[in-house]
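Below are two complexes that have subunit A in common, paired first with subunit B and then with subunit C.
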Partner chain A sequence: MKRVYVNEEVCLGCHLCEFECAYANSGAPDETGRPNNMFKAFNGPKTPVARIRVEEGEMRGDDRICFAVSCRHCETPYCVEGCITGALSVEDGVIKIDDERCIGCRTCTVMCPYGCLVYSDHHTMLKCELCLENSTGSPACVQACPNRAIVYEERQ
Partner chain B sequence: MGINYLYPQYEIHRDPMRCIKCRVCERQCANEVHHYDEELDVMIADEASCVDCQRCVSMCPTRALKIVKTDNTFKENANWKQDTIEEVYRQASTGGVLLSSMGNPKDYPVYWDKILINASQVTNPSIDPLREPMETKVFLGKKPSSLKMDKKGKIVSEIPPQIELELPIMFSAMSYGSISENAHKSLARAATALGTCYNTGEGGLNKELYQYGPNTIVQVASGRFGVHEDYLKAGAAIEIKMGQGAKPGIGGHLPGRKIGAKVSETRMIPEGCDAISPAPHHDIYSIEDLRQLIFSLKEATNYEKPVIVKIAAVHNVAAIASGIARSGADVIAIDGYRGGTGAAPTRIRDNVGIPIELALAAVDQRLRDEKIRNDISIVVGGSIRSSADVVKAIALGADACYIGTSALLALGCHLCRSCQSGKCNWGIATQREDLVKRLNPEIGSERLANLLTAWNHEIKEMMGGMGINSIEALKGNRLMLRGIGLTEKELEILGIKHAGE
Partner chain C sequence: MKKDSNMEENTIRTQYLVIGNSAAGIGAVQGIRSVDPSGQLLLLSDEPHHTYSRPLISYWLQGRVEPENMVYRDTDFYDDNGVTALLGPDYRVESIDGENKTAKLANGQTVVFDKAVIASGSAPFVPPIGGLETAQDDFTFTKLADAQGVRDVVDRVNEEGRQPKVVILGAGLIGLKAAEALNDQAESIIIIDLAPRVLPSVLTEGTAGYVQEILADRGLDFRLGRSIASIGDHQVTLSDDETLPYDVLILAAGTRPAVGFAKEAGIECGRGILTDEHQETNMAGIYAAGDCTDSMDISSGQVRNMAVLPNAFMQGQTAGVSMAGEEAVYDKGFPVNSLGLLGFYMLSAGSYTGDELVVNDGECVKHFFLGDDRLNGFIIFGDCPRAGIYTDLIRNKTDLAGIDTDRLFREPGIMAFGTQARAAKVARPH
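Coming up: the complex of A and B.
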């Protein structure tokens, strides 16, 4: 299965992935006038929330390690095991969340070794679903990464 | 602090209707131009430190930014132009030599743009490179004056060592130190993928790059940095750098702050110590001395590697080239006055040297007149900007071209000409680790390979149009060129006719 992988050696810590992720999942993007729509998405009543987060290490000399963290779509997902309402499920390897069932108890965030699920402003959890459900079609973070620090590929 | 005489050169225009305050511009600017004001919830820019490298503009996800030249104007004066006055102010406040980088940006004539290429019509049919074979392979090195073959037609003459290139374009010398490790990796991988060569410059060869040795030209320059036996043996050829187009007659100076652990190991000098390349080679004061160094290097490498001698294009270039051809060198590389650099005194960069087009024509003619053209190959560099420049250079007599600036552009360089600051936002001319990693060698090498692949297609198209199917048949074929808007003297030096003749 194709998954999102991170190449931390070339991650710049620019945080573009976060903004593109939030935008892709905001419902705003369509095929025309992308920049204007992005403005609209971020200046509307609700600021869109990213499902990916760039973590930054401490400065060492001039540099620090940075890498983007989003759902790894684990083969044995603890978040699914821990979910008390059955809102999380695995479909063809992709871990999905049912907004109707989620009660925002954050058990999944605690169970996840990477802390990948985020709390949304409508009191449910949000997670990366590889942009398969939104109009982007494939992970927006990967498309937007300027340095191929996030890739979407099949690995053994 | 006194009066600041200098007004910022650029203005940063941020469209508030587009900015989403993602702060990518702030994180990406090593010059710390942008910052976010939490109190006001706006992005603010201090354009005084902006060098117009366009990194923020390229990274802005909403295209909210553009950088424009300021229209703040000093009283107009055709003699005392604004930048001339600003340079005086700058020197009056610092007392220092003005430093610049990349190539000469002044408005001197570009002869490439005054030369036109021929095409076949009716009598000599053109060739379609998509349907017929087209040869762009070149061999650089001394060619034997005659070939002896045995009865089966096998060549028995001894052939001097050659550099074999799949296309007549190489990456010119840029040292590890002046450019980053990732820039070097990009060049090395692209050269290997394309079947051409890149050049180490004077910075030695990073251990990790020995694997690309067959596509590497190793340079020996006046500072002899990083030179040892394995280094000389690692490459496809050895280049002795006598001069550089951007700064003929002077040496180099890599400041100590750029000499980190890896650069120090590669250059074989202490960490943090300035790397100074003297203006002359202290052991070369004549062609005879040059010959000694050439043969020392050949001896050290068992006469298996061709030796290139690189000089800057200066007034007496033809006579100097004639001497070099007789000194035992296999290839002469000539660097024109528009060639780039990581740092040079502005006055030298902008006022010393001559155009590569004239230098090339003069050298090729001189070597032909003296019947020694076959003894040496000619490689030219110093602002080869497109495949058309390559075709014109070959028709003027070059065997191959060096590209430096075009290669850096492919890697993202926007010619902001601030390499000397060491804060290259594109990860090219810097040793700062956070900036170096901005250039992913995987992407860099792909872009370089794309560029040269595209140029090679175009070269084939242009050759095909002329009814020529190999670089060999184009070389020195000045009848394929015509000048436009050139004086008699210029045409005479270039050895071409005027358009219409």
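Coming up: the complex of A and C.
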């Protein structure tokens, strides 16, 4: 299955991925398939929330590093196994969340080894669904990455 | 699944029998089907409903969840998985015979099976109290039917133009979730517990007072270190003679593993049913999973009853895969819980042994329990978005020696791990 992979050596820490992720998941698309108004999306009553997050910092003895982390779509998905409502499920390898059934209890937050579920102000959790559920069709973070520090591909 | 003409009319044959229709039972179904897509599979439950999420009963009572969203799996789950589900009091398992591989049901039918998993969960424990038999409008709080009963009384009292007075016995998770559900619908809520502190299974002695204060600020009233001495006509008298009138009385003193028929069948039990790491009991071909079992808590090295949903599902899944003939072990058991009460969150995992390290990062207060370069457990107060990174340290018994723990305990992140570990986490498939 195609997944999002990260190469910390070439990540610039520009945070474009976060921005594009939030935007791609922010609402109604226009005819180009993208949400139609970036100004509206970020100035509405609810700020769009990114499901990907750039970690950055100085390492002990190392240089400064940064890299983006989003749902790994694990083969043993602890978030799904632990979900107390059944809102999380796996469909063709992609871990999805049903926001009608999520109550924002945060059990998935405590289960996920990578810290990849985020809380929305709609009282539910959000996660990366590889942009298959929104109009972008393939991960917006990858499309936006200027340095190929995040890629979307099949690996063994 | 058809009646066997060579046997009595009343006999059902099945390859796999799943007793229980909740997290562990559903985990078992998914486990079986991940290996064997077509073997006959019969699932029994003494509750009449499609599989539903037990923790959601308080959210339903609160009005936060629509009835159709109570389902733990989609409504076509049984069809999609080739499951014959017989649901309701008629299908209560009364006894099981491990030698002959049969189970007797309440309606007199006998099920003959090749392999079975007991996923009977837990049952509420109610201490003996004078006047209990004649008490009115008293409820335990573990099933949808219990929440429906409470709802009916609340509605009735509302029709009289009042809000109900609520008395709850038990300041544990279930009692407090019931309190949360009713907080905006009740005239008063008083919580009684024999223990001197709240949430004894989730909190340490040192943190319980802090949480109690927060909950008291948000409207809950406590009577701790006291018990109900007797129940009269819509009132309870406490051990210190205080009398409290009630419209709704919720009895949430605790739960016990539902091991009745298993124990009678000679299946080895501690508090709960004992199993090996494949979830098989001492009787070959009979497995057990979920709240009805005791299992190894890897964070303490002790066998105990864990009674949280993620464990129940995972144990069920392990049992299912094993029943269908593939190798599966459940060796990652430890309690993990997220408890939200009146908007206040407590995230916890593992066991609270070893040295306690308290880190206040401004957003939340984290108590870590450390021993021998390992994280044994934690409790976090407040919202901590990436807390699962800590859970994973317990799950993998990660050696903390190679990790930047100053950074990690301040802010959970993949950053704190070495280059190799980071690459394994984000650059390689899992």
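Convention: the second predicted complex is superposed on the first by the 143 of 156 C-alpha atoms of A that agree within 3 Å, B and C clash if a C-alpha of one lies under 4 Å from a C-alpha of the other, contacts with A are read in each partner's own complex, and residues count from 1 in each chain.
By definition in this document, a residue touches a chain if its C-beta (ideal position, glycine included) is under 8 Å from a C-beta of that chain, and two chains touch if they have at least 3 such contacts.
Predicted model only: the values in this text are computed from it and were never measured.
Of the two partner chains placed by superposition, only subunit C is touched by A:Gln156; subunit B is not. When the shared chain is aligned, subunit C comes close enough to touch A:Met111, but subunit B does not. When the two structures are aligned on the shared chain, A:His15 is found in touch with subunit B, with no touch to subunit C. Note on subunit A: of its two partners subunit C and subunit B, the one contacting more of its residues is C. In the superposition on chain A, contact is made by A:Pro146 with subunit B only, not with subunit C. Residue overlap on subunit A between the subunit B contacts of one complex and the subunit C contacts of the other covers 62. Against subunit B, in their complex, subunit A makes its touches with residues 9-16, 19-20, 35-36, 38-39, 42-43, 61-64, 144, 146-149.
Those residues of subunit A that touch subunit C in the shared complex are 3, 5-8, 55-57, 59-60, 62, 65, 67, 69, 72, 74-76, 78-79, 81-82, 84-86, 100-101, 103-115, 117-119, 155-156.
Interface of subunit C with subunit A (complex): residues 23, 27, 53, 55-56, 59, 64-65, 69, 71-74, 309-310, 313-314, 317, 336-338, 340, 345, 347-349, 383-389, 391-392, 395, 404, 407, 412-415, 419, 422-423, 425-430.
Residues 17-24, 27-28, 59, 61-64, 432-435, 437-438, 440, 442-443 of subunit B are the ones touching subunit A in the complex.
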